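Two complexes come next, and they have one chain in common, chain A, joined by chain B in the first and chain C in the second.
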Partner chain A sequence: MNGKVHVMRKLLENFTSRKREYGLALLEISLSILLSLTITAGIMILMGYPSELSLAAYTVIFAKGFDNASYLFSRASPLILTALAFLYPALTGMFNIGGEGQLYVGAIASLVTALYTGSSLLALIAGGLAGAALGMVLALLRVYRNVNEVVAAIMINWALFNISMFVIATYLTDPSIPHLTKQVPDSAKLPVVDLGIIRLNTSFLVALASAIGGAYLFYRTKLGFAMRVSGLNPNASLIAGFENKKLMLTSFALGGGMAGLGGSILVLGIVHRLDTMMMSLYGYGFLGIGASLLGRNNPVGVVVSSIFLSGLLIGGQWIETRLGLPHQVADLIIGIIVISLAIPFAYHYMKTFFRVRRK
Partner chain B sequence: MTPIDDVITLLSLSLTSMTPLLLASTGEILTEKSGVVNIGLEGIMILTALTSAIITNYTGNPYLALLVSSAVGLAIGMLMGYLSSYLHSNQIVVGTGINMLALGIATLTLYRLWGEYGGSPSVGKLADLQLPIGNAILTLKPISVVAIGLAIASWFLLEKTTWGLRIRACGENPHSAEAMGVNVYRTRLLLTGIGGAYTGIAGSFLVVNWVGFFSREMTSGRGFVALANVSFSNWHPLTAILGAFLFGFFEAFATWLSLKVQQVILPEYLTFLRTSGQSLFKAFPYLATLVTVVVIMKKVKMPRALGKPYIKE
Partner chain C sequence: MVKEPLVRLENISKIYPDGVKALDNVSLEVYPGEILGLLGENGAGKTTLMRILYGEIKPSSGKIYIRNREVVFHGPWDALKHGIRMIYQHFSLIDEFTVIENMHLFMSTINRKVTIDETRRKAEELLKTLGFQIPLDEPVGRLPIGVQQKVEIVKSLVTGAEVLILDEPTSVLNPIEIEELFRLIRTLREKHVSIIFISHKLREIKELTNRVVVLRKGRIAGEAETANIDESTLAKMMIGEELHMLNQAGKTSVNNRSKEILVLENVQVKGDKEQSTLKGISLKIHCGEVVGVVGIQGNGQKELAEAIIGLRKPIKGRILFEDEDITGLSVEERLKKGISFIPESRKIGLVGEMDVSANVLLTNHVFLTNRFGIIMTRELENLSVKVMKDYEVLAASPRVLVKHLSGGNQQKIMTGRELVKNPKLLIAMEPTQGLDVKSAQQIRQLLLDHRSKGGAVLLISSDLEELLLLSDRLVVMFNGRITAEGTPNEFTVEKIGLCMGGSC
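Coming up: the complex of A and B.
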């Protein structure tokens, strides 16, 4: 009991000592969200949509996007994992844009394993390993052939999109419903736990555990420390005796594994079957990049930002049914949030501007 | 169909497919030589293709569409250049943001103008040049010629003029360039803009000289293939012509093959190629591009300050 109090006090001290830093981060995030909402409204008005429509759209997005917590959390689970897929390599100084492809192979590997073994644990492991293997490919190309990981990842994403389509259509379809695959057997489905206030999908717990595990690994272990050092300053890391190449490979395998796991829980816990047009899979990997940036490349921040972005997306679907506007308004908002997040200097500039004015 | 016909068809298709790749990669070489990496090419292509479809649809003038599209490309490039030079942004992140936002804008506009999400109505196109070779006819797009001309001109600018030297200095060692009296920020801003303008012509080409309408999926990763071509060509505009032809050929070959399997007699075990196997043909150009880059990549030398924000002391 005493130990627990001690840990809590430590955490609290840690938090208060960094209050300024966290406050600033929060300010920047809120500013970019506000900026994005304003610009999006501006673009919609420029396009000739009536000006009160964007206000109505935002009302619907924020009212309907966040009112069903059970749906929101289950929708956010794969996104948390694809965001972690971007985050872990980013902490080691590299860009993993390949989350999309890694999610595809994870989903298909999980589905096949679930169909043959009926075990959810084996299916989760298979999905994670498939994603990790694909992530390793990117890291190997970068480390040993000096291939830009962004270009390689995009080529692999597009190739895998088409190859997955082929695999699903040729080997996995249900003969009675030709545009869908066979369903995950009941024994392999991830259960939904009824907690009274909320029906919690176990997928969310898997995602949450991955984020907490990642936070522990990167901020409390020697391996994680080495990975962060090599990301911040590769030369210093070499001098400290860390093996940068191995660290890159590890972080990419870890990231790929997260995306693969994202594919797994999507299949096992949420959609239970895939379709030949890949509608149920497409987009999580790309969105994960935005979620990770919005979460300030911090495992806990990523959970919050993924839930926020999922809310925007769900809200986007509601404006389609309520107002007849395309749900891609949400994509637009997210795109502008990402761009404005990339401008640390602008905030810095604004900060000095206000400080000068105050004097 | 004689073999000669097949060769000519493939050649025409390759020249067409290479054009947007060549334009975008020449532009990106100029940008990257000045030290900025713009991975938002895909987004710029989507937005300018959309612009072209709108302009041609309402004015019926594809030349105007080309002009406005390159101006739009210039504007987005300048935005990217401003963010990455003056505001020291992370270039990969801004590029990713541009790609995300482009799809959103495209969909909203399509819906607003034509009430649908998928694509625009058909618009007028530039006429093709028909060159008879023996009995076959080689189809050449006028913009393909422009693209090759621009690549040669860009090579001349970069390697043979003082301006070129200044641009390369910004990408190799911005501190020395500044000491030499070059305005690094302004150079990067301009060159990112020019790269965007080239990519704008590429996007416009897709609509006014090739497909004849806009659809959201029409760029299908071409911006990224162009990026692959930049490293493949070792940041050299003339080699980029060769690279673009190679990658264009991969795409053309896949298209040609997927049509060919519909015509020829196939053994029983290969008939899947006519249905679900068609996806495999689509995957081919990306894999071939990746393999080519992997084989060649070890030997290239990129601008030393590429992708690093320059911070004045």
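Coming up: the complex of A and C.
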């Protein structure tokens, strides 16, 4: 009990002593959202839509995007995980752009495991491990062959996109519906928990647990501390007796694992089958980078930002049916928010990133 | 003889946005063809004042006159037009460029039309009148520091420098290079170039300058013809209070029977450069002893420290700690055994983006995590508070980010977090670097206290006075070898100088 009070006090102290920082972050986020809404409205007007329509569009986006919590949370779950896939290596000072490819690999590994074993737990583990293995490949290339992880990840993403399509189309399609894969057996589907006020998809719980677990790992354990130190100051990390190479490998495997898990829950908990064009998978990995930046590279922030972005996406689909506006309006809003947020943040981030690396 | 001042600074004040008053109503004159010493401790405002004269910082109030005409500098380019040049401790040369390319680069910022041949002709002419040679077609990075500094000076002169500001120019040089620099500065005086020589070393000020201005805490603490003032008066002006003596209790000559804590046997370690490669070091450190390592930076001191803490693996030789061979152990295992390390720079030892308590955790994690690798937050909190209290770290709470603290407080964290665990062996590199006299004395006292409690200290410092003051035994390193060893009394300054330069 005493321990809990102590932790709470420390958290509070932590918060009050950084009040200014948190305040500034909040201000920046609000400003960029506002800016983005303004610019998007401007673009819509330029494209010839009546000006009151943009206001109506925002009303629909925010009203419809956030009104069904069950759907919102389940849509956000894979995004939370791909955002964590970017976040964990970033805390160790590296860029994981490979979330997209790791997501594909995780999804396919899960689907195959689910089809053969019918066990959701095994399928989750397989998905996570497949993503982690792919992340590890990127990290090994970086650590031992000094291959830039960003370049390698971009190339591997595209290679995997096409390989995955090939695998799905060739080996996994359902003979009766040739453009879809076989369905995940019922025994391997992630259940939906009915809590009365909200029907919570288990995938959301998996994502939430991953974020909380990550926060605990990075801020309460030696391993996580070592990873953060090695990202911020590799020299200090050596003096403390940490091994930078191992830490880089660990964080990349962890990140890859998150994206793989994202693919898993998408298959097991939400779509239950993949299509040959991979429409249901495509984009989550890339959007995760934006969600991570919007969440200020903080595990808890990432959960909030992923839910927010998912709400915008859902709302975007509604404006199409309600107002006849293109759903790309939502993409536009998200894009501009991410850009306006990312510019100052990415600037500081890259500055330290390259300063560290140059040594 | 009343001469017209070349440069006159009038009532200059500088208040930084965070409220720090760096300069308070400072007035200063520079006459043609004189060497003006600007003396003061770290943080006295010497560099700030000179950066104002160089146009890099705008003063909060005050005026600058050149030849009795008021000028306003918007940036260094304006100062350059008026013949003012500044040479920093860290040179503004491009290592990959040759000497002449560096000179041309600088010249063409002042006169765009100048060709590289003209630069070369001017440089050669100038070198002839100064009476020394610089290999003009050698990349700067391959030249010794002393020569690089000459390149900086010649670069300034080629463009017609009238006032040359040298910011602590001797801090990077060895004694022989310092002599050469002084000779060059005297030649420049004869050529009617005014020199402003910034230093905190009394002896150099006394030896070189005509006139000296002493700054203390942003104010002028005194001004005098150098010939009419002695070093101790200058020291008092600079520090403002009597240097309180260190408590030397427990400082005795080495007791040969006291226990050996660390033994190095013919240790060979690959260094960053050939000169710093350890070529067979044998050394013993006893409990309750401070062993000082003397030497010019880059002669293997850093490699020695890193070999002991485990950051570098020896190619040959053994390292024994408490009679146990630790040559193959990792850094973490050595930390656990009670070896402790203060690295040579706060940039290496601290994580600025993290708070005080995380930085305390950094080198104490072996004692502050449980067997599952989970950080014991309460113990960490207590230890952080203890470090801050015992070592007088001025910070609002352990949550404050280290980058927001002053250099002195950062250094105290780095020293404090090691001493607080009462290590059996402490390797301290430059523990008082960049500190004001008071903080430096505090840290020196802490090291001595640790020694009298039975701890062993390996002190690596470029401050000779500090080494003489603290060490029970001195070893001199040159070119990766130990060239001399003995108690401070067995050494004269001359002898140390010779050994450092490799001639003993």
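Criterion: the second predicted complex is superposed on the first by the 324 of 359 C-alpha atoms of A that agree within 3 Å, B and C clash if a C-alpha of one lies under 4 Å from a C-alpha of the other, contacts with A are read in each partner's own complex, and residues count from 1 in each chain.
Convention: a contact is a pair of C-beta atoms (placed from the backbone, for glycine too) under 8 Å apart; a residue touches a chain by one contact, two chains touch by 3 or more.
Please read all numbers here as calculations on a predicted model, not as lab measurements.
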First (chain B), second (chain C), both or neither touched by A:151: first
Contacts of A:22 with chain B and chain C, given as first, second, both or neither: neither
Chain B versus chain C as contact partner of A:339, first or second or both or neither: first
Partner chain in contact with A:66 - chain B first, chain C second, else both or neither: neither
Partner, of chain C and chain B, that touches more residues belonging to chain A: B
Contacts of A:58 with chain B and chain C, given as first, second, both or neither: neither
Common ground on chain A, meaning residues reached by chain C in one complex and by chain B in the other: none
Chain C contact footprint on chain A (complex, rising order): 3, 6-7, 10, 13-14, 17-18, 220-223, 225-226, 228-229, 232-233, 235-236, 238-242, 352
Chain A-facing residues of chain B, complex: 39, 83, 87-90, 92-94, 96-105, 107-109, 111-112, 117, 220-221, 224-225, 227-228, 231, 272, 275-277, 279-280, 282-283, 286-287, 289-290, 293-294, 297-298, 300
Contact set on chain A toward chain B in their complex: 43-44, 47-49, 95, 97, 141, 145-148, 150-152, 154-156, 158-163, 165-166, 169-170, 286, 289-290, 293, 325-326, 328-336, 338-346, 349
Contacting residues of chain C [partner chain A, same complex]: 309-311, 330-335, 341, 343, 347-354, 358, 361-363, 365-366, 369, 373-375, 377-378, 381, 396-397, 399-400
